[in-house]
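A short write-up of the structure that comes next.
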Amino acid sequence: MNLPNKKIAVFRREHFNAAHRIFNPLWDDKKNAEVFGKCSNPNYHGHNYELVVKVVGERDPETGYVIDMKRLSVITEEEVLERFDHKNLNLDTIYFRDLNPTAENIAMVIYDLLRKRIDEKLELQVRLYETERNYVEYPA
Amino acid sequence: MNLPNKKIAVFRREHFNAAHRIFNPLWDDKKNAEVFGKCSNPNYHGHNYELVVKVVGERDPETGYVIDMKRLSVITEEEVLERFDHKNLNLDTIYFRDLNPTAENIAMVIYDLLRKRIDEKLELQVRLYETERNYVEYPA
Amino acid sequence: MNLPNKKIAVFRREHFNAAHRIFNPLWDDKKNAEVFGKCSNPNYHGHNYELVVKVVGERDPETGYVIDMKRLSVITEEEVLERFDHKNLNLDTIYFRDLNPTAENIAMVIYDLLRKRIDEKLELQVRLYETERNYVEYPA
Amino acid sequence: MNLPNKKIAVFRREHFNAAHRIFNPLWDDKKNAEVFGKCSNPNYHGHNYELVVKVVGERDPETGYVIDMKRLSVITEEEVLERFDHKNLNLDTIYFRDLNPTAENIAMVIYDLLRKRIDEKLELQVRLYETERNYVEYPA
Amino acid sequence: MNLPNKKIAVFRREHFNAAHRIFNPLWDDKKNAEVFGKCSNPNYHGHNYELVVKVVGERDPETGYVIDMKRLSVITEEEVLERFDHKNLNLDTIYFRDLNPTAENIAMVIYDLLRKRIDEKLELQVRLYETERNYVEYPA
Amino acid sequence: MNLPNKKIAVFRREHFNAAHRIFNPLWDDKKNAEVFGKCSNPNYHGHNYELVVKVVGERDPETGYVIDMKRLSVITEEEVLERFDHKNLNLDTIYFRDLNPTAENIAMVIYDLLRKRIDEKLELQVRLYETERNYVEYPA
């Protein structure tokens, strides 16, 4: 069988649990409550975040892999889970001191952390589930 | 962290339960049965439809949202669930009197209903699950 | 390894799609609407029902099976799916002419249909999902 | 069909998002960290809790219901979700000031809150998922 | 709040991937094929097994735990995953040389391996998913 | 309602169970073990593969279908499941004698088998889940 070498996407799903509060630090608590409702509860709430990392490229003809999923899992562990798992995103990380930890912004930060570790010739996209019913994808 | 402003996709999942019958009103029952089989049962059957609404655009820098998911949920409630939930699609709605309520056609109607309510500068796509094993996406 | 022969439970999951209306035939439409709300819509609505059949007994020492899952699947196909799949439960079956097709009652009817086909020395229980969020188990 | 009136179980699934910290207030932070590890992070972490409420009893012959699921959902909303959803369990509720919010203890508190609202002749059990991989059931 | 100390069940879900062949070593290949069909394919087939370990007992009043889920996960890793994950159950383990690796028998072996590691005053049950549609529970 | 005829995607999900071994036949067992770890276990391991077939095109105005999902299911049964279900991918199929059965390569082979049976004017993509956490999409 003569397989053409079109690009393939591989996906690896990981999860982490974190507390957060939707909060724009340039606004006071009253305005945050008006705009963000219960998502801005001052004492935080939390989620089981599900993260799907997508990497696109050509297969290595020797391994038959685009990227070794175990290595992709280790990179995600080191860059994302060690920073965010069982943490308060607003208080325990440097990324959301001035940045509102919406799903959109968390996905952009995760993309940025992973991008540095993935070979430039491979495309990267992250999907982040805040709940089963709310999720985001970056870049679209 | 200096985040580039590429486009982001946000997704909101909703569900509704409805009866329907796959039926081309220009054909008689015999031809409908030949082409559509048990899906054309004259007394209807039904599904738990799962709907995923995807909206693509740039983040609002103040809220960190592409669109407020709560507002997206309300729009979907008003435009889709109030019309279709616990209804007979063929009999109880105006949309499928002359249009066969296949998953493809239901998705197109839902797209049309939501498109009017979503800001033009945002892209829209709907995914509709008829069952866990059969689903459609519009536009592709 | 010397395995004690305590009882084991085996489970087989199947699904069917059907239309129904929650409706007590001894009441008029007005009373049905008051008690059952939108679930009593006269033109029906529908569900993707998920059915889990549980059979409890001792392993056959030769096959290592409590019951052959393939045979359990065939019995469920013949007794349940052929009767209910892609049907209107109120109109197309004899079981819900005088019986309200609530999840409780559907589960009891399914139990009765399967009980005759499963060896008496095996215990039987059915779980029926009307949606992911509503389900019943009979007998409790 | 002559249905015997054995007991039936009905289940209703709800969800809420909350922050918490596994923390025994009789111990200092060091001992809490030793015993509970990252689950005792002082700034909290969080979960998407999935709650399944199980009610067991006989069918009402008129409605075909053990209990109206919509009413069960409303009771759960009033007793559990309004207290716990988008909250910090340790700080924002009165229940976990002196009680460690482990899944076991949260389930017991939820059982206690619901028990008062469910008819005494019906049995009650709650299942609480802290994650897809960790959950508890009370009473066993 | 004065919580009664009824027993609680805690559940931990793990997974492993393995090859197997349904095969009674006392029968020849022809009889195995007649009884077990494609499940007895001589070159094996395989599954993503999902294992749910249930432990029932009283809460420790100091920790609020029935058993530390992390320790339960480590025990399952040591006793089950290290033996069975990415293995051929018939060839690579000592347990299924003379025992047919049906879901029932695998569950009984896992129960036996875990039982030795769990405190005698705690009850134990295992649920094993061979596929999403076929699973077993031991003891029933 | 005047529906524009943009392209629609339809998806059909199927599953099969198979054994495999990640193995480059040009390397010896030692090198395979170094590169692929436990995934290269000489006696094989296995998976419950979930396959999602995506077909993109315009609706037929008479049927309201892009492609009849039942026919798509039959094609997938004939081309993929009959070849791979309950098989050892390395030993029982002609496709992976010289080709390493990574998820990437299996997806490419499945694409090739289905492509011949789907009308040329329809686009085709396959997604293959090796586990819930590892999956691939071809072409990307």
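Note that the chains take the letters A, B, C, D, E and F in the order they are written out, and that residue 1 is the start of every chain.
One rule holds in what follows: a residue touches a chain if its C-beta (ideal position, glycine included) is under 8 Å from a C-beta of that chain, and two chains touch if they have at least 3 such contacts.
Since the structure is predicted, the reported quantities are computational estimates derived from the model, not experimental observations.
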Note: chains that touch chain B and chain D both are A, C
For the C-alpha superposition of chain D onto chain F, the rotation angle in degrees, rounded to the nearest 5, equals 180
Computed over C-alpha atoms, the centroid farthest from that of chain C is that of chain A
Residue numbers at the chain D-chain E contact, same meaning over half shared and different meaning under half, come out as different
C-E, B-C or E-F checked against D-E; over half of contact pairs coincide for C-E
Farthest chain from chain D by C-alpha centroid distance is chain F
Per the C-alpha means, the centres of chain B and chain E lie apart by a whole-Å value of 41
Chain centres from averaged Cα atoms put chain A and chain B apart, in whole Å, by 27
Separation of the C-alpha centres, chain A versus chain E, in whole Å, is 33
Flagged in chain A as touching 2+ other chains are 132
Among line, ring, star, complete and other, the chain touch graph is other
Touching pairs of chains in this structure are A-B, A-D, A-F, B-C, B-F, C-D, C-E, D-E, E-F
Interface with chain F, chain E side, in the complex: residues 15, 17-20, 38-39, 41, 43-48, 85-88, 91-92, 131-132
Chain F contacts chain B in the complex at 1, 3, 6-14, 56, 59, 62-66, 69-70, 123
Residue set of chain F touching chain A in the complex reads 22, 24, 26, 35-37, 95, 99-105, 107-109, 112, 132-140
